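Each remark here refers to the structure printed beneath this line.
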Amino acid sequence: MAIFIVHVTIENKPGISDPEGETILNDLVLKGTTSTVTKIKSAKMLQFTIKEKDKKSAKIKVQNICDELRIYNPMVSKITIDVFDA
Amino acid sequence: MSLESGELDDLTLKIGRKPTSTELQIVAAEWSEHCSYKSSKKHLKMLPMKGPLVISEKGYDSGVLDVGDGYVITAHIESHNHPSAVEPYGGAATGVGGVIRDILSAGTRPIAIFNGLRFGDIEKDLHARWLFKNAVKGIADYGNCLGIPTIGGEVEFDKCYSNYALVDVAAIGFGKKKNLIKNHAKTGDIVVLLGGATGRDGIGGSQFASDSLESENRSAVQIPDPFIEKLIIEAILEARTENLIHALKDLGGGGLSCAVSETADALSIGIEMDVDKVHTRELNMNPDEIMVSESQERMLIVTSNDKLKKLEGICKKYRITCSVIGHVTLDNMMHVKKGEKTCANLPTDVVANATLLDRPSKKPAYLENIENEKKLKPILDYTKMMMKFIASPNIASKIWVYGQYDHEVGIRTVVKPGKDASVLRLDNGKFLSAKIDGNPKHCYINPREGAIGCFEEACRNVVCTGAKPIGMLDHLQFGNPENPEIFWTFLESLKGITDFAKYFEIPCVGGKVSLYNETPSGQIKPTPIIGILGLIDKTPLSTQNISKGDCIVIVGQTKNEMGGSEYFEYIHKFIGGKCPTVNFLESKINMNSVLNVITKGLVKAAHDCSKGGLAVAVSELCMTYQIGCNISLEKVPNQKLDVDRILFSESHSRYLLVLEKKDLKKLETLLKKSKVEYNVIGVFGGDHIRFNKESKNIIDLSVDKSQKIWFNSLKELVLHG
Amino acid sequence: MNVAVIVFPGSNCDRDMYHVLTDVFKLNATYFWHEKGLPKNIDAVILPGGFSYGDRLRSGAIAAHSPIIKDVKKMAEKGVPILGVCNGFQILVEAGLLPGALLKNTSLNFMCEWTSLIVENNTTPFSNKLKLYQKIPIPIANGEGRYYVDSETLKQLKKKNQIVFRYSDTVNGSSDRIAGVCSEDGNVVGMMPHPERAAESQINPNDNKPASLIFESLLNAIGVQN
Amino acid sequence: MAIFIVHVTIENKPGISDPEGETILNDLVLKGTTSTVTKIKSAKMLQFTIKEKDKKSAKIKVQNICDELRIYNPMVSKITIDVFDA
């Protein structure tokens, strides 16, 4: 058994609007001094610390948790899972 | 999105040619059940819509009532059931957004939100819990951000909603009568689309709401943006004050298709528009998509060219986009172009008026034996049972819900949620009281009497604050209308509501029909919801402490009507029996006498007796005001019933009145004079809630302990299972 | 006497505040849109509650960059009384006019309920009519209302008498139960609860006198006789 | 000039409580079937799309934006910046 850090990034599916990202871009960043930013997307991240035998099983476990416990709603969001050594 | 088979022929016949693809989309949206009311419209005509206070204008999406001194209130009710069942957060939130825009369309400022929430059994069903929690958050996030107080509602759990959700939202607006938008338009006027950009979200939503969830089109999710909505509200109200709006319509189900065709039809004009002028969020949207997209937070404005500059200035200030998408024509056609190319060119009355149906109806077979009672297991310890009952999701305090809603913003909320009805102060010194109520358990057993009961309960709640009911909203939620048995329950409920409204002369100022509420496991129970608006000319009955020695009086008869009671269903797991029936005459006498004694200032508090019966109503008073009481059950006017029936029957037309002993004589004189059934049933004091029968103690609850459980159990259940 | 009520996109207690200032306390108040500047003759500035920019990023974070904030800062330096309520408080914190941060409530929910404050500093322009340790029944309504400061800053706040109001009970997990703070000079005050929702007897189920004193303190501070 | 995607992860500084992560862990995950998760931390992520000459300058630009516009509140949060090719 080893300890892994698993990052789950939850973001709106493509085509689904992201009012928060748009507001941060238009009302804050583009009113500042930098004009090279063309888009901002907001996302939420959960960082799991999990004890599993390997990276693969850590990833599967976390994916299951997210699906079963409805950590995100697949209707609107998608998740990306990245596993790191602790 | 598509038309039903016969409807294509119908359309082809009406326009004399084959429709284009865009035309098909437009008509499919507008002829959907959700937009066209094709199953229900013929019957809805029976409801009384007129009254001395009702102001009717063409093209309003909300009802308008004159509350005197140059002021009006507006009201509307909507549901967002299908979207909430798949995406509870966004579905519930955008439901609030939609009903708020209906209020705005009349040119009034929204001042209150109500919500009615129904889910499966949250004690056992994790999915139901997830739906509940997220729907509440959706409503909270949306309403709170707008700064419109959510001041009341109801929450109910029943297995018939498993894997589904009923999310009803009602809103109230307030404004000066002279500021009401008088929808009008003339040739040459321009048509402006204002608000959020049009995207692919929510495409096919209205049809989705008209299909059963089984065949759902899961792409119909809408993302809420309350910040834009707030800016739209301020921009529209500013434009209204500056007289920049000739006609106004919100974009709801069916998107542009419905808004354009209905505006044109209501004003007897034509509208020519260009989809290329619509500001979109995504590239390469085709005309069909643009016409039926249900992207949220958009309004359609008809104005004139000379006012455009000012309107654009206001939009700029509030950082919202507005686009001139078309203009008014004389020909009563809805002409949709993409640049030079015509995509659709349809007579507006054809689009806006689907062929109405006369669906068959038949009394459901299940009703044959429903009134027969089974033999119940005797309750050995009523105190223990009451503790369990108070903690049950349907009886427990809903403070976990309304505590997440800003119910103070606007500083009008005189009576806050947690009482029978909430009360708002109005600018003319009067007060508005309002509440929504439903009761699917009663309606399942008897759709007519159950619906009447909801109506009476909502009236009772408003009356308990000292208000006289002046208007009603109805929301009729049923399963598949193509099933004659379901359609029969719809008709029965509607007839019941109509009869009660006529008898009490309470006009229906608005409503909504939501059909096809079914899941793979079956149809929902009939769930009509009634919203009541009440007016108080002088002072509302609001918080006063209840003290030791104060008396408690019950008005009304307790009858052997246990069918659909929370006691039968939650404690005995039994669905059946005879459901409570309202006797119209008795109801009127009780209502008037209670109003009379409240107006005379004789009572400190009034509370209606409903879900959970007398036992729960008395306990609620004690827990809310933190004081004990002693009740003598033999004093309760009843039909020689067993204790459990006196305690838990949900008979209507009953009120609990709390008053100082010194006022008792005066009260009794008044009640006797008006010939109501009543009795003094107990006194307040101590720190225990006690129900006795002939000096034998039946129930004994500690106020503190029961109060804690009552306040916290819903939260515990949601958060920690 | 002229009180500025600043309106940001998404402010939603501006009209409530205006009503209380003008109809209840008979002050002259004027709305100022966030893109405007403030004229010199302003006697006090109020940043009302709401959801400026929809609370995106963090409550108050975007509004803190509004053009008008520059003028608010100038006024603050001049010693003009400035009050931020709820979102207004969050904006003052994000703009650096008040120390600390406002985090999500520990309940993770928006909380709308009546609570009670204790007066800890009665020398500010918004508390001079109150008695020290007096209780004020008042409602809160926020989702990000948990005031946080690190222990070093907390020490400084105490030393410089910058804690103006505390909750009498633990409401939302705030550091040291802090509900309101002021600047070192005391003229800038921020508080999460809503005095404008508690100053009238009709809508205050408890006692509206203490909350009224917050406004009467302002009248007193800017020299209005009443 | 090239386009880069820059991820800014905003998380609580050590020592600042994270009720959200704790709640997801205790009330959701540990009540489910997986018991190997020992910790959950919640964070917010913003994904910037930016046009810059190289990765390094993309990173610096975004770091500046975050500092100047207070994309995070340094009293309570810290950020991590990762740059990716678009």
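As written, the chain order gives the labels A, B, C and D, with residue 1 at the start of each chain.
Everything below uses one rule, namely that a residue touches a chain if its C-beta (ideal position, glycine included) is under 8 Å from a C-beta of that chain, and two chains touch if they have at least 3 such contacts.
These figures come from a predicted structure and were not determined experimentally.
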- Sort out for me whether B-C or B-D is joined by the greater number of C-beta contact pairs. B-C
- Query: Where the CA atoms of chain B average out and where those of chain D average out, how many Å apart are those spots?
  - Reply: 41
- Item | Intercentroid distance (Cα basis), chain C paired with chain A, Å | 35
- Note on the structure: Rounded to the nearest Å, the gap separating the Cα centres of chain A and chain D is 9
- Query: What are the residues of chain D that contact at least two other chains?
  - Reply: 23, 69, 71
- Shared interface positions of chain B, touching two or more other chains: 225, 227, 319
- Message: Counting only residues that touch at least two other chains, what does the list for chain C look like?
- Response: 9, 53-54, 56-57, 61, 65
- Query: Is the way these chains touch best called a line, a ring, a star, complete, or other?
  - Reply: complete
- Query: Okay, in this complex, where on chain C does chain B touch?
  - Reply: 9-10, 12-13, 15-16, 19-20, 33, 49-51, 53-56, 109-113, 139, 141, 143, 194, 196-197, 200, 202-203, 205
- chain C to chain A touching residues, read off their complex: 9, 53-54, 56-57, 61-62, 65
- Quick one: in the complex, what on chain D touches chain B? 23, 27, 31
- Message: Give the list of chain C residues in touch with chain D in this complex.
- Response: 57-58, 61, 64-65, 94, 100-101, 103-104, 106-108, 148-150, 153, 173
- Note on the structure: Contacts from chain A onto chain C in the complex sit at residues 19-20, 23-24, 27-28, 31-32
